[in-house]
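In order of appearance the chains are A, B, C, D and E, and numbering begins at 1 in each one.
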Amino acid sequence: MQPSSVLAKGVRKQYPGPRGVQALQGVDAEIGAGRFVSILGPSGCGKSTLLRCIAGLEDISEGTLTVGGRAVDGPPDGVGIVFQHHALLDWRSIRDNILLPIEFAGKRVADYTAKVEHLLRMTGLQDFADSYPRELSGGMRQRAAICRALVDDPPLLLMDEPFGALDALTRDQMNAELQRIWMETRNTVVFVTHGIAEAVFLGDEVLVFSPRPGRVAHRFVVDLPRPRPLAVRETPQFGQYVGEIRRLFGQMGLLDETGVATA
Amino acid sequence: MQPSSVLAKGVRKQYPGPRGVQALQGVDAEIGAGRFVSILGPSGCGKSTLLRCIAGLEDISEGTLTVGGRAVDGPPDGVGIVFQHHALLDWRSIRDNILLPIEFAGKRVADYTAKVEHLLRMTGLQDFADSYPRELSGGMRQRAAICRALVDDPPLLLMDEPFGALDALTRDQMNAELQRIWMETRNTVVFVTHGIAEAVFLGDEVLVFSPRPGRVAHRFVVDLPRPRPLAVRETPQFGQYVGEIRRLFGQMGLLDETGVATA
Amino acid sequence: MKHPVVSSILAGLASSVVLLVLWEVLARASGVRPIVLPLPSAVLVELGAEWRWYLGHAGYTTMTTLAGFALSVVGGVLIGTAVASSRRCERFVYPLVVALNSVPKVAVAPLFVIWMGTGAEPKIAIAFLIAVFAIIVDTLHGLRSVPQDVLDVARVLKGRPLAVFWKVRLPGALPSIAAGMKVAVSLALVGAIVGEFVSSQRGLGYVIMSAQGTFDTVRVFAALLLLALIGLLLYGALVWAERALTPWRANDKH
Amino acid sequence: MKHPVVSSILAGLASSVVLLVLWEVLARASGVRPIVLPLPSAVLVELGAEWRWYLGHAGYTTMTTLAGFALSVVGGVLIGTAVASSRRCERFVYPLVVALNSVPKVAVAPLFVIWMGTGAEPKIAIAFLIAVFAIIVDTLHGLRSVPQDVLDVARVLKGRPLAVFWKVRLPGALPSIAAGMKVAVSLALVGAIVGEFVSSQRGLGYVIMSAQGTFDTVRVFAALLLLALIGLLLYGALVWAERALTPWRANDKH
Amino acid sequence: QALEPVKVRLDWTPWANHAALHLAQQKGWYRQSGLDVTLEDGNGSVTTVQIVGSSNAFDIGHAALAPAMIARDKGLPVKALAVFLRKNDIGMLVPVDSGITGPAQLKGKKIGYTAGSLEAPFVDAFLAAGKLKRDDVELVNFDAASKATNYAVGRTDVVFSTIPFVLPTTSKARPSRAIPFADFGLNMPSFGLVVSEAKFAERGEVLAKFASIVARTWEYIYAGHEDEAVDAIVAQRPQARLDRAVLRAQLDTLKLFFDNKPGERVGVPQPADWEAAVKTLSSVQLIGTSRPASDYYVPGRVNPAAFDALVAK
């Protein structure tokens, strides 16, 4: 299957109800097919909301949003997603959780045994294939959810802070792995993260969101050759990207030394 | 109330059941009253388990564990906790969630109105006091859980990756805030995090855990004067601490460039 | 709020009308004898003609039902909570509750009359006994499905058992208890009727009993129709109360 | 596994014995007439003397109960699912279900004999009708309490409705459905008895009926005691099945 | 040749008014006449009439005939085929030492009755015979099964019920005397056999034969074979654990309600009885008056004499 492009024009999202928050306001974004796009933004600015809109889980209130050229109206075909909270099925073992997309796609589970084993090993969960989610640590559950999103090589991969609960080293490994997998599959990835370095390391471009109501405040194209070794993070070019984004964040006026938020 | 010390000697924790994982093995730790101790360690190594044991939510399988000089047998008095996942009560507004410790302590809720307002403002939730948890973003829920843990100034504060779902800037703010609060209250804090810099910035000492079964692989005393400005992170001394810990992590043999975990 | 409630009442009404018309048409077509199954038109005419009289009996039955139901909610939540909180209760008391619940009240109803006389008490008692088990089971289920992490918060904060119950366990169990109440309310209604069958001078159970004795099928079905209506209204009231009591749940999830 | 099951059976037995002894002592002390409430010792002697005969009737009633219960589980889950999945079903069909459920089956039982004859069918039908509502309500509750994030996963993965039902909704609703089944199984037992009251030559309902006609209170209570026992066993079997079917839930949470 | 099946729905669980039905079975008289009879217990006459009248499950019902008349008047096509108890057996039980001899003494008394049974519509008429109104007494409605017990334990002062059924059982606990409603001008037939018109049109021959055998058997029983009848019930219903003494006492009480003049054979519907019944029932608006009395029964099909030879063997 071809990777899917994502196009947002003037997307506004207001949650229903009398006090319904306006989460997104005039979001414009063009995510080309096969691109890896990182999204950065302050907590509560609407990143998860945008991902849910792209996944067809929330209706937008205004604007147009297309995936693979088609207006989103319910989940588009070929989407893999890692939610901010793992969303594993309590009643399935880790292996069966990972196999869920295969089963739902009507494919033969047996054909994916090796792939699942590989993913489990890659995420360090090989000993927990038969455990239930409640027997796993927070980070382990998140890794299982990542495996589930990757198992069927979806043309569009949406990841909402997938590495948020991982320690620095596991996170580095996962970054390297994700890049490797993406370079093999070349699917479209929308990757929400709080790690500026991670966003730059992985992304072809980085979209920085404004505080709520969220919109794309800035778009950085990351022009670093691939495959990028982890050590790329120590290069001056990399540092420049990170510094620039950091500065932008600072301009959005959130931080002062007393720590009281001004936004 | 006096801050509580925590003392662990040869603590082993095996989860029950035929396949019960051994999460901790021979954990020795001495956390003095009024100290701020950061805990770092690979995902799944038993950090949350240790915190739950200290909080009296899990029995230990071997060894001794005391809080304030008393063997832990059920939750000790005066503990505040931020769980890895927010654990907010769905049926209470954010304000009422934050007030829960006050209500359970049998104190007058009216006396804490100002404090709650302050905490809400500090965490940027002032507009969401009357919202229910399901109306909040992931990071906002986590911030609400932090407010709940702080509201009653507990002598022992246990925090399990409290800032994991926050963007870099909010996180920095929260770091600064937490330090400020701690310097006022001087309670004992056990702070689990995946951010090495964060661990060093906040901690009087940093305990680094080995992979599962977890034990204290190394203890670093962070000898930086307080209050520490955020800018301390750019000092060479700070960089040295971080580098040392990073090196130790590397020695634990988790990372190689292909990304496949070897542990 | 107004619009959905009104429209759902209209929807219920519409389908009731459809059912009644269907019943009328089928009954006419199949030529089933009215003495076995009367025409709904005849039933409605009967109700229209004597609505005051029926209203009196319906009111009595509704009162008995509500009293038994209220007791079953209080008792069921108490028993369910006791069983959920005490291992001893669960092992020694609960089996008895389960066993006693399997004794058909219809068969022991006469004993209640002997013990409690012929007033409202035995009817309320039977309504209570029939309804309470649904509340117990769903309270138990609800209390057991309160998320562990939330219970952990309460434990660490060392809330007094009563405070934890009111602030954590009960609200967490409320959606389940509400489900139990929906089952229980119609059981209480049946219980009140069963009680009235055994001994009564009033109520729809009495109406049914005496009409059956004289093959007054129209009257029997008029009473049954009223019971269906009462059941529906009580259920509707519960759904409404549930929404009001659980504002934190998304509206469309109800 | 063995130890807790054995010990909980022993616990249930112990408290039953306590209850029976209490009943014996109180009955003797209060001098209540045996024709109103017999001594449990007499009841046990009766059961011991004629256990084969009682077993036969108990077996018949159990079979009827199980058949009605099985139908109610299948039917209840289907109806509950239909109501949960279709707004139209919820608005137009469900009110009718609620209304019909409020019609006491005891009052319409003769109609079932007229329609279905005097075999097991009317008893099974009544057992089904009495039991099914508890399953419907708890299925509905269970399906509505499947976590939204898990449903979102299923939606994004575009699982076919049937696959989503089997792999996501049903397992998610299973704990609630199990609670509904616990209520339903004893209702099915009562339904079978009500059916046997109206027309039967077998079963414990028949035993109760005919013993009442000869004022044979000992026999009535022997049958009631057996019903309590059957109810307890069926409940126990459900608890066991629930544990087996929901291995992902912590054991101590049951 | 093959036996003709006859499925009978009884009025209630076994008691003495089933004596002839069982004795004929025990004696083999059905089989010898080509019938294969099965008896099933009932749950009150009303239900029996309803089921016999509107389903195919039974060929014939044994029930109180007044409910059959009411049902017929209301459109259920049932008729009485045989009448055994010609006198209304409903009445009042009073403690022997109460001094109550009729409705006139009931002022202020607590009366147990069953709303769903046949005595209910006659309550006012019976009280009126003693110049009382409903408000002068305390009426308490019980279901059929608990009425007698509540009277026996003293919860009511008197009870309205089916005399032959309750008098013997209740007297053990509370010695009582029976006062039939019939003695106060409220007469109508009691137990007999009920058929649906369709069934009778189809199998009239067989059902009439059955009715005649039962009628003849009653004659046999009251010709001094009461104990044999009691034995037959017990033998046919080994599990019901019936009390022989109670059955015998019920049988003796029942005899008073057969009420046949010399020369009249048991079971044969008598036109005069039915005229009286219509009068009684219409007087309390249980039936209308449009239907002639002859419409409620099948005349001339019960012929016990045809089985004299069989019984004499």
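Following the convention adopted for this analysis, a contact is a pair of C-beta atoms (placed from the backbone, for glycine too) under 8 Å apart; a residue touches a chain by one contact, two chains touch by 3 or more.
For reference, the UniProt names are A, B = NitT/TauT family transport system ATP-binding protein; C, D = NitT/TauT family transport system permease protein.
Quantities reported herein were computed from a predicted structural model and do not represent experimental measurements.
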Chain labels contacting subunit A and also subunit C: B, D
Superposition rotation for subunit A onto subunit B, Cα-based, multiple of 5°: 180
Where subunit B and subunit D are represented by their mean Cα positions, the distance between them in whole Å: 49
Intercentroid distance (Cα basis), subunit E paired with subunit D, Å: 37
Computed distance of Cα centres, subunit D from subunit C, in Å: 17
Centroid distance [mean C-alpha coordinates] between subunit E and subunit B, Å: 85
Multi-partner residues of subunit B (each touching 2 or more other chains): 85
Overlap residues in subunit C, where contacts from two or more other chains coincide: 36, 114, 197, 212
Multi-partner residues of subunit E (at least 2 other chains): 50, 54, 145, 149, 153
Touch relationships between chains, expressed as pairs: A-B, A-D, B-C, C-D, C-E, D-E
Subunit E to subunit D touching residues, read off their complex: 9, 12-15, 40-43, 47, 50-51, 54-58, 145, 148-149, 152-153, 169, 173, 239-243, 246
Of all residues in subunit C, those that touch subunit B in their complex: 147, 149-150, 152-160, 163-164, 167-168, 171-172, 174, 246-250
In the complex, subunit C residues that touch subunit D: 8, 11-12, 14-16, 19, 36-37, 91-93, 95-96, 98-108, 111, 114, 133-134, 137-138, 140-141, 144-145, 175-176, 178-180, 182-183, 186, 189-190, 193-194, 197, 205, 208, 212, 220, 224, 227-232, 234-235, 253-254
Subunit E-facing residues of subunit C, complex: 33-36, 109-110, 113-114, 117-118, 197-201, 206, 209-210, 212-217
In the complex with subunit A, residue positions of subunit B that touch it: 15, 19, 21, 40-44, 46, 48-49, 84-85, 121-124, 130-131, 135-140, 143, 161, 164-177, 180, 194-196, 229-230, 246, 249-250, 252, 254-255, 257-261, 263
